[in-house]
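Inspection log for the structure reproduced underneath, given as structure tokens.
Chain lettering (A, B, C, D, E, F, G and H) follows the sequence in which the chains are written, and residue indices restart at 1 in each chain.
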């Protein structure tokens, strides 16, 4: 909060055009006029609501939070939801959609547009075992208003499959590339596309894959520039980050 | 390359409107009509040229490559250039600018616009020791045509300094956050901005920082979503990725 | 045991003012006059009794130990107690209080004062998943006679929540900061308070959090000075160390 | 900054007893009335000034910073100062004391009391190779106004040497225990003293010591409670933390 | 695909001896004329079909894939098949052979020769616990048409057992050496044979074996040259690589 | 096998004093006259029989092996035997003794002396959780004919307990020291005894103990010389190695 | 050595057709008739002589060993030879060829055929920085009599370059693939060729490449089967292993 | 110190047969009558004096300590002595012997017997690069009065060399086995000898040897029992531990 804004408020208090109560609200640090306020207005403006991480929460807690969110916001997302949690939540909140591969519960208000941004996100993955993480990215991006195209099972071990769809991937505004084992797919794709690419290592593999650390290191060391990396199995983070890229593009247009 | 395009070329060969030589060029896989061609046209269009990694190259090699690049492209960048290398390059190519903190040699053709995209990139770093990595990001982004604003020395240990400039950071289109030691700065900033954020861990610190692995892990595990991570000390990668985000924004506008 | 004390004892033996049996008791190394004796007197004086680590103990062992401790000391604490263990212990020792979040059994003799030291300990944590570790710290500190204030869910991803209660945290005599994932909270808080701060990394997170090693490294590398670190998930250790700080303050007053 | 204080300022502006300029100063967030002001007042009150980390700084930068600090504060400390840096600094600032073992430059204003707190800190270390880290802790604590007693060369491999001085260690208000190799000393001492203990692992050793990681892990896993750990070779951090404990004791006395 | 082949196709289109449809098929990038075609012809020629990794697949998926493969190819192999999966697959595809130690399902068409290459592969392992991994290698190599000789329980701790069969191992065309714990067997054998040796570390052991990482490192650092290493517990990979060596030998004969 | 012995055998064949069959037996490499023969004679002489590692073996396999060993040797030992395995083995081989803490089955022929060597082994451990590993060492050493004295619960956190029995430990011929968590006990004891000491790290602890790696590193870096280390939780190995030391002492006496 | 051979020798001694001296030679275990003899005959037959690792050897030692080897064998190879070592060796042994990139000294007797096996080895590498390791592999394979084709600078970040030469790589009998940073090249190539592939990780890169461990893990986890891995920077090992594959092919032809 | 001894001293004080000064000496805890006294008597009896670790000591310090030791004890040993340190020490103490491979300075009083124990220690190593560590073990054991036999260059890659001297190794009372790279030698030797074996991993190797951690892990996981492990490159520790085994054997004889 700059000194100029503060001066403006103070002058208005001095000359009586602003009540003390209102001035206090504007100056009170965070929840009231500070970051939180911006924060809330950001949610209203961008539709990126709070996302619920269901793991370790009781079904009661989950139902309560989702109910509240559904009232306050037009786009609801919960990740890492077990099938068991989903069944009980569904009894109370049948409108929420459960994606069993992604393990997500999501909902968009019927009045909301499915897609709010130009362009689309390509979600690419190498093996069928990586699909759950890829789907978490897909649902996240879609819930936040992005169009998504899936390009699954195009791993580097049979690279011709990747080349068959390379032009459609190239036309996306951002790519999410999900890969386990040696995690080489982002390196290959990074040299073929000219848009931002978010790489998600997965824990798929065994032995020297070290539960995904091997794929993570590969992606951080990718010889192709332009590769952004998120945590192992973090499909949500990748979907969120890609959605931010689409949204910022939209913001700049104006 | 889709079947439809191939059919089109073949028909033109059959009806004589396309010479075999030309058809051959269009069909030859990569260097000629394939990815490489697109690649070259991408460079022409976007101005993201080949970047030279100077470490381990002899000065002769460096001079040769930079000379050639300067002829072929309007934007030249070399990273990890030692002062010794820079002095000799300068004798031959005095137009290249050496940034001793960033250890970069860069050049933009006088006819080229300094800035080609709307908006700006915020480059934020916590300690003075992180500045070399931050400067590498700055020079990379600027050479690729982005406007950059620096926010240095705003680390979490004195978080009020960050808050003093938070609004200007928030107004950027993307942020690059450079931090060593515990690498906490991206987590804090990630909760305060609503644009894409690229986190660069640095190897600054000692002991349990494990040469930057500690900061890297922090950033990958950041509780704030929206954080993209690159390799330790990879200022170039962060600048490149941020420039891609600005460029993709521009592309969508049309 | 200094030479002067020994000389004193010997002289008294020589001149007959001290019996051999008594002199032997005073000189016998540890259990009798040595460290153990001091040890026991320390317990009597400070009320920091033996603490029981319940994990891996049979319920019978647990009941036996707790019964004995309850007779010998006024403050009893067992950590890592499963719900199953707690139920059976309760049948025999219904006075012990079970905190299911902290997984502790604790008891303070009715004649003992709840709080024995001036000031209070602030227990701060970032996410709801970190609460069990935070509660273990709370129960430990309270059982040892400290006043505790809880500041939960004030993580760095929404830093304004931290600032809303910063003055109350600043007024504490020591802080315990519990954080998982990237473990950034102690760094931020370390720059805002001027009392000793004990940081507890938790194993909360996934993938590159490496079961808490990521948060542990963050805290060890914190750029803010004044941060003391304990083992991953070691809420007990943090509570104990903070209580020691409060007690030593009390000791110096005299 | 609480709402009540803000209301008070606003009322004084409204009723004209406070000028806008002054109110602006009081309300401007950080540098002016916010955390920074508290920060500065904290320094005045506690004498814990900014500490300079000399590694990687040019001698010019070092001289400038130290000159400025010496004007603004009564206690100046720079750590990791090379002998070469120290010699040049000495030409300009001959009052600063260089401790070649600790590699520190320090200065206390002649008007300041050497010792400001009751009690003393015991600095204990196991081998002569650990002395530089121990000395950094000593100088830090002394510069911040603490009395320090050294107990060097009392490692666990000849534990009788530790027992010869155990009573003097026990009488301290806090201990700093510096140990390399297997880092066992804090475990042993932790069971013998009843005051806060700060353990500093050092990188002394070879092979499987993994540059201090072995000692660090030992200290984090110490079976004795009451052990606070700082980063490898972080003598400064230990001295700072111990000084905070002495100071907080003093604060509570009032 | 070389320019000469493309020219040839184009000329035939121009002179009418090749229809556009056929030319299109030949030129279409991957699946049709590109790498995939070569790929398919490779399978026909070498009999190295797609191999199914059963872990994480539902029994339905497994049955479907195996049915399809059995129609398309003469040699079927599935690895990491649980006993439970095998029982259900057997109801539908009783011809498939289940090896419970190797956890494989395999089938060779009755018209196919059991062995297609000269020479044999020696599969050597040190302890009975390593047999499952060794058997996976055996079944893989046999399914791909190789003759295999087993040399089990010849670990380095009783090296005379190895020497009793060393001549038969020496007469093989390639060896697969499976070892857990310290993984020393390949080093010893590597100095005694003059054919290619593939080393497979296993996760057998405890404590400092780090789930097979210890054996893996041993094999990578073997002082005997000529040792090729695959992932921990990767019996399939070793069998596949050894089969490739036998096949390439056969190819060169012509 | 030296050339001189071979010459001797050959001469006897030449001069007819040795049959070809007998000469063949003496020269055949391993099983017959080579290492294996020595091996067998070693077992007869030393009573160190094959030891059975029960983990991962079926009860049938276990019964078969133990039956055979019981016929061939006077001292039988199986380690890592589950209670379930033990119960079934007991039905067939009721003479074998099951130690539930050590998880061992052991048997010494009634005609064999309990103790075959002078002196005794001290088995020392710090916490009750380490007892299973200590007991495995005890049973191993006793089965191989050594006298053992137990010194349990003498950890470094209450070092006076160790000093109370230090003289009895000092009088042993070798010590086995079992410790988890920070593994400091061998360092302390190593400075107090003058006989060989075998340190066993255990996986007891949590968080930064890294499943015993922390204790292992401590012991390898112990500042006291004279410390031999075995694998994490390897009580058997320690018992075996200590028994070898006692036996070699006996051998030298003659 | 089988019992039958021994019987044969003994019978000949008995019947006087074999002198004791000769029989002794044949029976003496290793150096004389055992493995060493086979070893020497292997060298004569295969031309795989002892290879000299020059690092850490004095120039005198190096000259002595190389002189001796040059007398005894027709193919001499020394690896890791510094330029300084090479210059001095050259004064004495000017026939040895020094490859400054590979850091090898090598020599083939003029009477020896350059190439002794059918087919060729493809040596593929991604970046110019990997060339030293690739050249070590090339020189090793060539010295052992293999034909080699180089395919340098065909990394995955510009995968079209790889495809331009894929058919020539496919026609090789074995491939050596050298890659640093993320080490993705073997994965891609593994899906495109049907001959044995040896992957060599290099230490090229920085930060999270962990001195080559990242590339090593990638290669061990490659999703394409058929990939054999050697130690980081071990060009020699790869050349040796590939030469063994070519030689074994030749052996089977007979 | 037992209660009985204390009672005895006290009675003598009481009845006047012991002066207070003398009783004080006997009772004063460590340096005087406690462990240190025993310690000194241990040195006198066993000749295991204090050993000097020269690394990091100034030449002045080194000379002072060695001078003092030479007066007080008959056997002097300093390890990790650089050639530069040795030259200057030699000027003052020309009797000390410098072993440049072992980097030791050692001296035995002319009146002392070279060898004080029965039997000998076999020091075995695999490669010439491991000799410095092996020599440190040799000098340590010899200085402490043990006879040593060297068996160098008998690595597992040419295992016949090991077998040529196996009987002489078997006749030793203890073996020290020094090995770098994959560290397999102790595993092989452990199965062939029946005396205590001390394994020393060395840092020799590159890449995945991780500076000796690979060899260390191999030795800890050795499948042969009876292997004691010391720190990487710790030749001194191995020599010390082997000497202790020989000495304890001697002690038991009486």
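Operating definition for what follows: a residue touches a chain if its C-beta (ideal position, glycine included) is under 8 Å from a C-beta of that chain, and two chains touch if they have at least 3 such contacts.
Just so you know, these numbers come straight off a predicted model, no measurement behind them.
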Starting at subunit E, what is the smallest number of hops through touching chains needed to reach subunit H?
-> 1
Chain-touch separation of subunit C and subunit G, in steps, is 2
If you line up contacts by residue number, which pair in A-C, A-E or B-C shares over half of them with E-H? Let me know.
-> B-C
Average the CA atoms of each chain to get its centre, and name the chain whose centre is farthest from that of subunit D.
-> E
Rounded Å distance between subunit E and subunit G, as computed from the means of their C-alpha atoms | 23
Distance between the centres, which are taken as Cα means, of subunit H and subunit C, whole angstrom = 42
Whole-Å distance, C-alpha centre of subunit A to that of subunit H, is 61
Rounded Å distance, subunit G centre to subunit H centre (Cα mean) | 40
Multi-chain contact sites of subunit D, meaning residues that touch two or more partners | 1, 29, 35, 158-159, 192, 207-209, 213, 216, 220-221, 231-232
Among all the chains shown, which pairs meet the touch rule set out at the top?
-> A-B, A-C, A-D, A-E, A-G, B-C, B-D, B-E, B-G, C-D, C-F, C-H, D-F, D-H, E-F, E-G, E-H, F-G, F-H, G-H
Interface residues, subunit G side, partner subunit F - complex | 1, 3, 6-7, 10-11, 13-14, 16, 20, 23-24, 27-29, 32
Subunit H partner, complex, touching residues on subunit E are 126-127, 155-159, 181-184, 187-188, 190-192, 205, 207-210, 213-215, 217-224
In their shared complex, at which residues does subunit H touch subunit D?
-> 29-31, 34-36, 39, 56, 201, 203, 211-213, 216, 231-234
Going by the contact rule at the top, pick out the subunit A residues touching subunit B in the complex.
-> 1-2, 35, 38, 42, 46, 48, 51, 118-119, 166-167, 170, 173-174, 192, 194-196, 198, 216, 220-221, 225-232, 236-237, 240-241, 244-245, 247-253
Over in the complex, which subunit B residues touch subunit D? Could you list them?
-> 129, 158-161, 163-164, 206-209
